[in-house]
């Protein structure tokens, strides 16, 4: 492992340890467990949106400001499929169908978007970002036009996931544990993809040196489309996974987009591992900070503002983040 | 050598001398009516005439304005030389026509809707639509100065806009300030914010700068919406404040109309002069190729700061107008909407053109209002165009980025540029 | 030479991680001369030029101009000192016209840059200098064409005109004939020669085209793998065996031909 990596990893672990210790000091033992778990839950949600953002930025040099929209569209698509299945289909099947449909739909839509809208603007990177902003607006408006601004009634997940259990001294919803599990699984799967498959090697090589990969004769265009589609699929899956708990509404993507950007900046804009680590750190830090802020200020304001300020600090002092490469 | 040196005196119409002459001419009748002879009766008669329904006030205003503008153009002749008004008209002809129309719009509306321009009614309502459009045009023009003319991408322009509305409101309500001092201090605060943003973040790469501005605007948004400051800001609901009577849009809407139109013209003039100034030329170079500009000897940081501070100040001015118009401010003026909208207006209208952002603003607000109740059948669906306007604009935006990168104005200009090489446009 | 060099480097280095692009270079450029820097690809010529013009900060060593240490100065300050640079890869302002390039270059060194209100066309000095610069390279006819629409040969000339408009004491030319066809090169050489013959400019010329180098240079520095291999008048360099070895293959032929032409 590169010495820089090792250093960043140590910093992360130290931060983690410090956070846990701080929580144990500040809060009663029963609460700490819940705080840590809810931090993990938040972190996983951020990761689900940030993963695609990071990979796409690393390879295509595009900051996809519509990433939050794919998150949202995944939720809506999943809900639609859930409700469209014939009467009498058991909930578990509906739920699985929703998950699959959202992922596949998100991926296909992402591929379409990349080929038709992002690819032509390769020579004008500023306008690529600007276009994704427009996409986010359009997606928001289309959903409003079809479903109205209020949002949908959350679907019912399978019974096994619909309870609360006692964990680490407090009560925690099983569904949120499911979200944590889903996030962790995707983290592992993506890491596997990146490090153990041919596509993954190409992606990682492309992130490092795009011209070289092109020179080696790899059809970089197809890889771009696949990568973009992958990022969108993960976001969409994240959306449908989260929606039964947080609901589905047009603006759900926006809040998560900002947090995803924070995570990607902190972790290192083109580093997937950095994004994974940073999302957990940010989630845990947020959960703790929100608790502190609530107790002392009566609102989570301090937490949200602090996290933004930390991101600004990192942006200015070390734009490559925790795990990013020096040259970007 | 013909060309550049010969028409260096062409901007006569916009020279300070001509502007003063025109302003003096415009103000003269009011001075006469207000202060000389039968002062009060004159005033009342004038007011009755202006506020009457129907076409009489319109005809009077139309003729009067035509006369005054004509005199201003001719007055520019003296400063510009023989070349003056004709070439100026050629360059600004369309703009002068539109300016003329906008000057008589309140009366045009009164005539078209057969209502009064001064009391509640259809014409009155449409005046506020125009006012909102002017405010958005100023905001869009300010964004275009930063992004289109100088190449600085920002995702936090709403911060300046919201600062205007909140600043002037808070100062007037909680610090008991009068209108003008409140406005001045708010603009100064905006300049300070612009300097801070530039000083802190300009040295990082453009994308990181954009993310920085996003975060900064979001912090302000969170602060404004938060319950901790509810006594000051009213948190999510915002707050209202009292404005002086002469600028109260509920009763003196026409004054507000001409104020905002005047500020729009000022904004246009400031940007126009800046872009054609030596500093403006540097901004163009910085936008095109920053590194090369540095190699030529320009400290690009200085010029980008200039663009950001000026764009911020103009955006704040738009925000002030917005606050005064609504007599209040709420967190959504600091929201992402007021960053995406100027970007949208700029790109659809034409990045890096003078008229583009204004056209964009008209499309965003005015056209939306006009089409509010137009319903179109697309197959099995009934589509209310006005309600779905944001969607249409979004699609138009994407189309602009992809197919018409020069926007509406830019594409028109380009076509005419190819047919007749106009020296002043290729700089 | 007893006269102190106008532009000199002392043990100048630039390392990129493990790669030593420029390694301990001692360069002496004397006022009024046309000094060429040649070398195979990767020799470090462009990196050297980047450091001299301030685009890149050295990792070691010093740069001296008129006896003053200018190491690490940012590019915009170096331009004000009288050192201007042209680029090998087209590095122009795509939307600006030919005339505007030269005019801006002239304006850059003036004191009117922070005037926000007066029309830029009223500042005649810069326009005059711009037209003169365009005249030197023969681009007056294309004055109002945007740079992005120029054919490659004219873009190279525009690079030169932009430089000339600043009336620099030292001109750093980075492969000015790059990409030009064989027919276009002699005209370009004439332009540079005319400037050199005016006598008051110092020209540092990085070139691959040996014919151009042999015709124009009064002194040649040969670089190889970041270091100076040899330095001297053209004839000496052409006869230098170490230089010939460094330039194995194709360029050897160029040397012989060029030597034949120059004699």
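In this document, chain identifiers A, B and C correspond to the written order of the chains, with residue numbering beginning at 1 in each.
Following the convention adopted for this analysis, a contact is a pair of C-beta atoms (placed from the backbone, for glycine too) under 8 Å apart; a residue touches a chain by one contact, two chains touch by 3 or more.
Because the structure is predicted, anything quoted here is derived from the model rather than measured.
Counting only chains that touch, the fewest steps needed to get from chain A to chain C is 2.
Chain closest to the overall centre, judged by the mean of its C-alpha atoms against the mean of all protein C-alpha atoms: B. Rounded to whole angstrom, the centroid-to-centroid distance between chain A and chain C, based on C-alpha atoms, equals 50 Å. A separation of 46 Å divides the Cα centre of chain B from that of chain C. With centres defined as mean CA coordinates, chain B is found 38 Å away from chain A. With touch defined as above, chain A holds no residue shared between interfaces to two or more other chains. Put simply, chain B touches chain C in their complex at residues 1, 3-5, 7-8, 11, 273-274, 276-282, 284-285, 288-289, 291-300, 302, 306, 421, 423, 426-427. Taken together, the chain A residues at the contact with chain B in this complex read 63, 117, 120-121, 124, 126-127, 129-131, 133-135, 137-138, 141-142, 144-145, 254, 258, 261-262, 265, 297-299, 301, 304-305, 308-309, 311-312, 315-316, 319, 328.
Within the complex formed with chain A, the residues of chain B that make contact are 153, 200-201, 204-208, 210-212, 214-216, 218-219, 222-223, 226-228, 336, 340, 343-344, 347, 388, 390-391, 393-395, 397-398, 401-402, 405.
Contact residues on chain C toward chain B in their complex (touch as defined above): 53-55, 74-76, 79-80, 84-85, 87, 91-97, 99-100, 103-105, 107-109, 112-124, 127, 131, 143-146, 162, 166.
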